[in-house]
Amino acid sequence: MPVKKLNVAVIGVGAMGKRHAENLRGSNIPEARLVAIADSSRERVEQVGDELEVEHRYVNYADVLERKDVDAVVLTTPNKLHAQNIEEAAKAGKHIFCEKPMALTLAQADSALAAVRKAGVQLQLGFMRRYDPGYKGAKQRILDGEIGTPMIFKSIGRDRQPPNLSFYQGGTNGTLFITTCVHDFDLARWILEDEVIAVHAFGGAVMVPEFAQMNDVDAALVNLKFSRGGLGNIEALRKSSYGYDVRSEILGTKGALFVGSVHSTPLQVLSGAGMAQDVMVNWLRRFTDAYLAEMQDFVHTILWDQPVPITGEDGRRALVISVAAERSYREGRPIAISEVSDGVAASGA
Amino acid sequence: MPVKKLNVAVIGVGAMGKRHAENLRGSNIPEARLVAIADSSRERVEQVGDELEVEHRYVNYADVLERKDVDAVVLTTPNKLHAQNIEEAAKAGKHIFCEKPMALTLAQADSALAAVRKAGVQLQLGFMRRYDPGYKGAKQRILDGEIGTPMIFKSIGRDRQPPNLSFYQGGTNGTLFITTCVHDFDLARWILEDEVIAVHAFGGAVMVPEFAQMNDVDAALVNLKFSRGGLGNIEALRKSSYGYDVRSEILGTKGALFVGSVHSTPLQVLSGAGMAQDVMVNWLRRFTDAYLAEMQDFVHTILWDQPVPITGEDGRRALVISVAAERSYREGRPIAISEVSDGVAASGA
Amino acid sequence: MPVKKLNVAVIGVGAMGKRHAENLRGSNIPEARLVAIADSSRERVEQVGDELEVEHRYVNYADVLERKDVDAVVLTTPNKLHAQNIEEAAKAGKHIFCEKPMALTLAQADSALAAVRKAGVQLQLGFMRRYDPGYKGAKQRILDGEIGTPMIFKSIGRDRQPPNLSFYQGGTNGTLFITTCVHDFDLARWILEDEVIAVHAFGGAVMVPEFAQMNDVDAALVNLKFSRGGLGNIEALRKSSYGYDVRSEILGTKGALFVGSVHSTPLQVLSGAGMAQDVMVNWLRRFTDAYLAEMQDFVHTILWDQPVPITGEDGRRALVISVAAERSYREGRPIAISEVSDGVAASGA
Amino acid sequence: MPVKKLNVAVIGVGAMGKRHAENLRGSNIPEARLVAIADSSRERVEQVGDELEVEHRYVNYADVLERKDVDAVVLTTPNKLHAQNIEEAAKAGKHIFCEKPMALTLAQADSALAAVRKAGVQLQLGFMRRYDPGYKGAKQRILDGEIGTPMIFKSIGRDRQPPNLSFYQGGTNGTLFITTCVHDFDLARWILEDEVIAVHAFGGAVMVPEFAQMNDVDAALVNLKFSRGGLGNIEALRKSSYGYDVRSEILGTKGALFVGSVHSTPLQVLSGAGMAQDVMVNWLRRFTDAYLAEMQDFVHTILWDQPVPITGEDGRRALVISVAAERSYREGRPIAISEVSDGVAASGA
């Protein structure tokens, strides 16, 4: 019995896009066929194409969209292009998997969402942490009632290395509040099954003063208030001196959940000076399972015509919190979410 | 050669005062002599007196202060009495070890500090965490330059059980911002060797709604901004569903320090359901070493006439942050420390 | 530039063989082409063939060996067939990757090794732990001199579920000493870079009495003595009540190394009863990275005509220790390795 | 109401004896009165006496025994004197707390036990691990049936520093099998509630070759067989390159227990090189709680005339296993316990 197949193209094959391409090509998602890749860099698209043996390679996104045999696109382009790329894919009738953030502004997001709705295609956001065995297990424990009502959500997201300056060339690609905190804001909504109603943020160019010149911060601490009385705090750091570190604590009325680990390798080195272990290097290593699982889920969902689990509306709501957090930082006051958005995108979910 | 001795009285012998009395009586502080204890409860003072074999027992603090052979008092009375008790002891010419918080208001604190200065006695605050091997080790690492400049301070303080309602009888004993956060505010100043310049707090009666009726919160999240650009966040929780939990993370330009552990006993229980460990029960267990070390230090400091390591001014500065955090919570806006206090107590340190 | 390819067939597609097939088919080993699979079960070979989209499927191993386009075979057949399968593959001129143990007896092993040598093909043994980031890192630390001279090797290997009785049908497939301990014996040699000269074993049907009827044990404790004075102890357990658990401790003159972890998911569940974590479920999860890395190495080694890193001679030497350990258990006395084997296989390495 | 008091003398005030003296003097055992200390070194007994404010100080054990006001003695003399000291104390009608091992030979042990029985005094052995919260908790879990029947006992005992050569002056003070393994042999009996019936030991001067000249080993690996089919392995190491390390694993039919931790301070230091923690320094730190609890228990037991929980017979049985293990090492063969001792001491328990 032949397996039904989804033909997918990956747009943008930097580190993240390449990983998606590998997962789509590999035996772990037999229902997917990687038919094409695209990247604005000819050199990169050829190199990845050779390595992964992908026949069709493009430097223009439009050329991919013209292919009739492409059912879906995976968007791993620069953040500033996400919303526009979503619109274009939607108009071409392609299903869409898009990396976070879905847009840099709410106007962009609303325009993209309108295009998606009009085209009747599916859009899944790349909040892969929801697929991590740790976070997924935490969610299941909550659904099982193990910690009672979750009321406090704490989360940290520390990157080992900040983006280099080219990240800022040609206009912003999103500040720390948008590029990194958006992960935690999505988790916060998903874990507490509640909406954030107000935020307060302190931030600064704490570790690398140069970020101030980019009108960005390298450290952010965002207090959260939820509609049902819950509280939260999110920390994001662009340059962690020791390594990549994503961890969360969820406190409920009957119990608590801690997610994450700082270690990468099960090796402990002992000497008279004490015990040493390595730490997590980067997101590709930490979330290997999650990246595979989200892509499997996307492919299955599209193939069997199910509603996607992480929608464009989820992407927009997380973005709203990001925008509010950034405004709080800039204006030096708490921001009610209602100041930023009076609800879901115009035409509603 | 006879050892020089410091004669000490412990005022208030609830759980905390009793622990101090035990430490003062034990062989670990041979330079101390526990000469008297006092407690407003006759029953309690007699019971502890019997158990610890203390000859002189009082229900009136004034009677202790009249004893010529008492060199120093340890104040473990209710929070609302701390400032007044300090003043009385100072007037009687006794050196003072006082539990945190030193007062409930800045006016009280200033009055107490003035009395201490006038009397020329020493006042040490009971921020015992500074003596914990974990926190003390962290401080040493920072002094040794191991993590570069510490820029971000994160801390949690979760109590297993909230105070019972009697805590609120006869007027406030201090809200969560003052009774619990004050520990973390002291740590923040001490670890970063910097002063907090602004705070923002969200809070609520999250786990136990009844706290709202007491005009208190059971959960607080306080964002901190430091004078040299550093950032911080403090979480305090009156009722942790799983146990007592005090942990901190300090992020520096070259490295980071994590302090604390959730476990109490070195025992892991494994079954098909997974691995289980116990968690820390309470502060007396977690900070056993610290409580002993701070009292040793106090006794030695007074005996050898050294400046105390944790001064009344330290107590006041931590209190200022507490007051600012509580105001931020109540007024719904960030508070600059300068709004609360224009500096150190009137006559300066 | 086309990538040079190695055409591989996997023989036996139970859980282990299927994993190798997945790795060979996936994008992580682009230099490999999975051309055929075989299994004595028609149903299983068809199911795995469908799932992994392998065109050529066989129930007879001989049919695979006749294919001219097969460069190498991966043997994941029952243990009792390993030696014979190696011989057959060698005669057919195929390179061989063989799961441990390479044989059940030294006579079998010697015959297989002779065939390999005669045919001039390569044979790599599936001691995948050497490729685990933990064990590999440990080895590197030792080579870097970090722990001085490693002198003591301790290791445990606990399986969650014992093999079912079918494992014993049609004659032994190897006792615990041979099927499980052989992993640790290989590690012992590799880590200490020394040879075991004597063993002593206690064993028993400790958890599942039925194993006694199979002339096997479900628990073994094997003391090791090395030629340069080092010591060791290996524990193997067929039925661990809590989960899969492989850990080792290596003690050197200047430091020590601990390898392994009991946990599978980075999630901690806390309640008033304490903290709970999951445990490792099975070897496929624990050694995901290692299984991929060993197959990558095998493919590269054969393609570029390098000496394989884990030779048939390594397989034989580990088997010798297994045979000695089993004899020690049966005869109730320490066994010198020289009693079992007077050296390497007849014609030398 | 005056508290009933037990008058105790501590004999031998090296590090261990001093700790016992501190515990007996402190407020944690109010029912004990430390009336005298003795040590063959005049300098040491005076120094400890000054520090702990003990009035009566002796260099001759006999002088202590003559004191009518001494109810019990704590023996922390050199191992070689334990049995003789027990006999002398028994003859003087004193109750006895004796550090392990109770003797160096079975003949010595039997003579001492006979004297104890004849005098009708109580003798408690200093197997303090039974009082450690970790080991005590493990025992309780077993009694509660949490792990089913415990069948396998693994234990390690690694000392940071070996005894210096003076330990061997004037005749043996006990080899590693007797001084260190005896702890684990006691645990093995207590945890499995079973008797060891056979042992096999490999040993060597692995880390410090000089131990061979002392007719001792610095490393021992002892396989154990229990009467009901259980198995075990004990590792002892005189010189651990990284620190003090005592850990055990107990495997039952339904679950398992791990006891111990390598860390001393709740502090983790992170940098680009990874994460570092300290390790346990020595037994006084690791077993602080246990040393206090065992002495509390001894004092209470004697005062209220209860049977001591760890008897001379326990001391003898652990010694028997030590003797068998040493013989196994020296004769190169497994030793049945029945070869060493045909049962309990002559006149029975």
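Of note:
Chains: A, B, C and D, in written order; residue numbering restarts at 1 for each.
Just so we're on the same page, contacts are C-beta pairs under 8 Å (C-beta built on N, C-alpha and C of every residue); 3 or more make two chains touch, one makes a residue touch a chain.
All of these numbers come straight from a predicted model, not from anything done at the bench.
Shared contacts of chain B and chain C, meaning chains that touch the two of them, come down to A, D. Using CA-based centroids throughout, the chain positioned farthest away from chain C is B. In this assembly, the C-alpha centroid of chain A lies 57 Å from the C-alpha centroid of chain D. Per-chain CA centroids place chain B at a distance of 39 Å from chain D.
Residue positions of chain C touching 2 or more other chains, listed in rising order: 147, 241-242, 254-256, 270-272, 278. Across the complex, chain B is touched by residues 147-148, 151-152, 154, 156, 158, 198, 200-207, 219, 221, 223-225, 229-233, 235, 237, 240-242, 251-256, 332-334 of chain A.
Across the complex, chain B meets chain C through its residues 241-243, 262-263, 270-279. Those residues of chain A lying in contact with chain C across their complex are 1, 3, 22, 25-28, 30, 50-53, 132-134, 137-138, 141, 146-147, 254-261, 264-272, 278.
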